[in-house]
Amino acid sequence: MAEMWINMGPQHPMTHGLWNLRVKVDGETIVDAQPEVGYLHRGIEKLVEGRTYTQVIPITDRLCYGSSLTWSHLYCLTAENLMGVEVPPRAEYIRVAAIEMQRIASHLMWLAAYSTDLGLMLGFLYTMRDREVFIDILQALSGSRLTYNYPRIGGVAHDVPPNFERDTLRACNYMEKKLKEYEDLFEGSKVFMMRNVDVGLLKKEDAMNLGVTGPPLRASGVKYDLRKDMPYSVYPELDFEPVTHPDGDCYARYRVRMDEMYESCKIIRQAVQKMPKGKWRVVAPRNGPVGTGLGRVEDPRGEGVMYIVGDGTDRPYRLKIRSPIFVTVSAAPKMLIGYKMADVVAIMGGLDMCIGETDR
Amino acid sequence: MAERGKSVPAQGMDKTLSRVDDVPEEKLIRALLDNFPNTVTDFKKLGKGVVRASIERRDIHKACLFLKDSLGFEHLSMISAVEYDNRFEIVYHVASWGHNLLLELITTTPKDDPSVDSVSSVWGGADWQERESYDLMGIKFNNHPKLERILLPQDYLYHPLRKDFKGGD
Amino acid sequence: MNLFDFCYGLIHWLVDLINNIWYRLGDWLPWWFGDFFTGVGDFARSHGHIAVMAILLEVLIIIIIALINVLNFIWLDRKFMGRMFDFYGPYYVGYRIGGWLQNLADGIKLFVKEIITPAKADKLGFLLAPIIYVGSSFLALATIPLGRQFYIGTNADPLSTGVEASALIAFAFFAIAPFSILIAGWSSNNKYTLIGGMRSAAQMMSYEIPMLLTVASVFLMAGSFGFMGIVDAQHDIWFGIPLFIGLVTFIICLAAEVEIQPFDLPEAEAELVEGWTTEYCGMRFGLFMMTGYLRGYIGGALATALFLGGWHGPAFLPDPIWFLIKAYIVFVLIEWARWSLPRVRVDQILNIGWKRLLPMAILNLMIAVLLKTAGWF
Amino acid sequence: MAQKRKIPGSGGIVIRPMIRTGKQFVNSFIKGKPNTILYPYQILDLPPTYRGKHTLDFNRCIGCGNCIQICPNDCMWMEKLEDPELGKIERPGVDMGRCLFCGLCVEVCPTVAIHHTVEFELADYKRDKLRYGPKELRDDKFADKFKEERTKQRLPVLDMSKCTSCEKCAGACPEMVIAMMPIENVGRSKPEINLAKCTSCEKCVIVCPEKALEMKEIYESYFEMPEPKFLLKDCTGCGACAKACPADAIYMLEMPGTEKILKDGKKGKPKKRAVFVLEKCVGCGKCFRACKFEAIEMPGVRK
């Protein structure tokens, strides 16, 4: 068969959103790839300039449907950095617990999408079922199921609901049991391993050079986790281990995310048990000062950075959002070339694409 | 099919770790000042592990090469362009994983000539971020391999993040 | 009394019933008109005419049974999948019978949908592909007997073995499908369908060989090319027991031939949207889908007839029921594996076919030869 | 922390996954029921914090419009109503078609009058029907059922129209949080209470001879609201701001010595000026919008 370009997207089951991957195939082998994004560009960075600092929080929730809480948390961190607001410790612990729950939920959603990509409908339903446990807790915590709008500049919106500790610990235990089941189901299956091992190899040097962050980077053997290396919030007080895997293939990415879920369970448990009593919110100033603020967090998908410029009014002058997937997806051709057409879904699924944050 | 990746030690920054050891922020500032005495105009330690430095735009590519090759800043975190009344600021957030450092490297361009040298040859990850800055803010990056719009349609007329943009049709 | 006998008797009775009125009508009319009437009536009562009608009736009965089974299969598949995936499956439509009517509702929906032919498609091929696909599958179905006396036959002899070499014919018709899939993939004029069609051709052709080799071992053991002879030879012991490797190989090949989950590369949803059926909609797609399950039914029936002793079973149930029960068990097993496994890749599927299943099939053939030469069968 | 790769054995080809799914089949078919919630017939339990359709307590609402200002989507509006009990009032309505259910309007409400219910089935056939006016949102009893999360405090609140500037409250306060601030051009002073340090001992209320101070329950605010800045030189004393203020925080006081001499030599009415009791201010900016002479400044509030 002659070489031909195939547009995988913008409407394609592989894309998990709205983007376009142009692949040039020779028969079934990929010889060139060209990701194109921008179909979901909503101009959030411009929208923000017309809103007050508080009104921006619900907008940043819309950045990523998979992990909206981490983005609004990142925005609040950035605004607090700009305004110099000290967050009460209870709020920090609540935030950490909520973020880690969001991370598990996000990773489970990734696992769901990934298993359907590989043709395993089963995984989708099992993981979505178990994700519900954490969504329910987050719902009781914040009042919403997808766009939580929970963090605030200077704390969080509400105190934890009654029975929060009991429910969270129970959910963690349940999750660890279920993760074992998933391992049995996925890694115990030879077909799954056939589809994953040695697929989508990303060398360490390439990953570092191309700005890949998050689980794909750690799966390439670089031990870099912002929660550990440049800690924010109360992460230094919690005991956990950044997860790495030396192989850099799809299986490594899968393994890193699975292990991160175990680590997140650990973090949630500690955060809930160490949570001090006291205020969960302080009043933030209405007007930001003239200056800049920076926030960096370890999003479930990679390194999320926000850079905010204040001009002394009650609206941000400029907010720049660094989306991890926007940078990671530019490394896609490096991973794709040389593999089969069916591996596209495994490789791109392994990156955990989220177009909301990519296009902003 | 590509061969399987050899298992490498997880900590990969060993060769650069020994260069800067104690108080890395000040060493970083000193290294920058020593190598670019004329163009580094402003520097400040913002917090633990965060340093801000301003550099003139003619040296930005050289400075980035220096940062990556000699100081071990292997990760370009973010390129952001900010429009002020009289200038554009292009802010490079460069991170070093070995030393846990973050450098906020600021370079300014005048309003009538918003262009700087591209650093995509230094960090591959800069490629798309520079395209984004070009797309939304209209900063031109010299020597960029493919400076095209990335988020907006190719035939779009405006650079929407500029303050004088009042909504195109 | 076999199926032909039954149908013959039924048609005969019906023709006599009609002729009763017909002849009387002829009696009232003038002689020249009445002669014509009696002539027609005599023709209708002739053996050749009634035999043709009886065969048509047989075909109708077999098709109806097959279609009901297809509906059952779809329902069973969805319900079984649902419970395995921790949800209900079809539930509301036909609440009292477990959501069985959902399939009919889906069928009606597909019927009323508009059939769109892509503007740049090859119209003839686009139209022909479903026809060939459905037709070849039904032809394969026609050769399979459901019981010792329950088959499409042409004589009333209770010891008749039906069509000679019926198993060969069944496999011949069963193997036409990749051709139609290739036509569908090419004529849709879409890159996904093209790749799907190509994959389908490669996959089916590479799995045809181990499948036929295992079938050859069965032919060898039974000493017959016809289903009757094969099933009769399994009266004492099912071939699935001595030829267990063959049974496993056959079922895996069957899964690949019928294009279900671990081997459903031609219609891989994730990367090829829906593979070669991407451009089909409405009832044309419905036909493809229905025929997919029909092929599942045929596959189950083939495995039953060749390896699982056909209709042999304790006498308290009639032959066809035993046959269907076994076919259902084979189908459920395939479905179970289907929903538990991810999809394999195209190079891997060929590897499995050529490097694993072909040696297994040859080993199986050798076992069959050994058993036959040892004189145990 | 490099893991070893587990290579599944030959059982992993098909048997182990099938055992896993078979277990689930047994669990959801023979032992119990599937996990699905059959939605229209079974409804998911929602926590009381769930953010669904709004509800509005007419008695609590003061019509300040803070909710409208903070709404990120501009989906709320003020509607003028005639109520048999409350008279002429202004109450907000919500456009559910545009609302993003962020809950900021609930948080910012100074009197905790607006709430979210757990009702989420809001779909309708027409967009107009998604615009819920205040009468449709009204539920005066909801706030009592609702478990209040925001802390409230009983605090003394000043009614300036009764105050005679006797300074007894300042003397009575054990915490010294009441300071008498002179009002320019009026010749009187008004007690300013530092509410952050107040201990709610009620001594000032007891000592007040005119009953100008009153204990009221005030909710803690999470937001820094803009404060009005009063420019005396531009004030004409028209009283529009006092009329507009939903919290009764503005009083019109006469300025002695500004009386106009009428033709017959008598003194006319003195000029009035606005006096702001900022403890009561909710920061809504209505006075700023009502003032036609730009005598009130409020940075960051849109006119």
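Think of it as A, B, C and D in the order they're written, each chain with its own count starting at 1.
The rule is short, and it goes like this: a contact is a pair of C-beta atoms (placed from the backbone, for glycine too) under 8 Å apart; a residue touches a chain by one contact, two chains touch by 3 or more.
Given the structure is predicted, the values throughout are model-derived calculations rather than measurements.
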| item | value |
| --- | --- |
| Chain pair showing more contacts of the two, C-D and A-B | A-B |
| Greatest separation from subunit A - chain, by CA centre | C |
| Interchain centroid distance [CA atoms averaged], subunit B/subunit D, Å | 44 |
| Centroid spacing, where centroids are CA-atom means, of subunit C and subunit D in whole angstrom | 71 |
| Gap in Å, rounded to a whole number, between the CA centres of subunit C and subunit B | 65 |
| Subunit A-subunit B separation of Cα centroids, rounded to whole Å | 23 |
| Residue list for subunit A, restricted to those that touch at least two other chains | 122, 126, 129, 189, 191, 244, 246-247 |
| Touching two or more other chains - residues of subunit B | 7, 10 |
| Sequence positions of subunit D contacting 2 or more other chains | 1-2, 17, 20-21, 24, 35 |
| Contact footprint of subunit D on subunit C as seen in their complex | 80, 82-88, 91, 336-337, 339-341 |
| Residues of subunit D touching subunit A in the complex | 1-3, 5-8, 10, 12-13, 16-17, 20-21, 24, 35, 46-47, 49-51, 70-72, 100-104, 107, 116, 149, 221-226, 299-300 |
| Complex contacts: residues of subunit A adjacent to subunit D | 51-52, 54-59, 61, 122, 126, 129, 139-144, 147, 149, 152, 157-159, 161, 181, 184-185, 187-191, 193, 197, 241-247, 251, 255, 259, 281, 283-287, 313-314 |
| Residues of subunit A touching subunit C in the complex | 1, 4, 6, 8, 12-14, 25, 28, 115-122, 125-126, 129, 189, 191-192, 194-195, 340-345 |
| Of all residues in subunit B, those that touch subunit A in their complex | 1-12, 46, 49-50, 74-78, 80-83, 91, 93, 97, 100, 102, 104, 123-129, 132, 136, 149-153, 160-161, 165 |
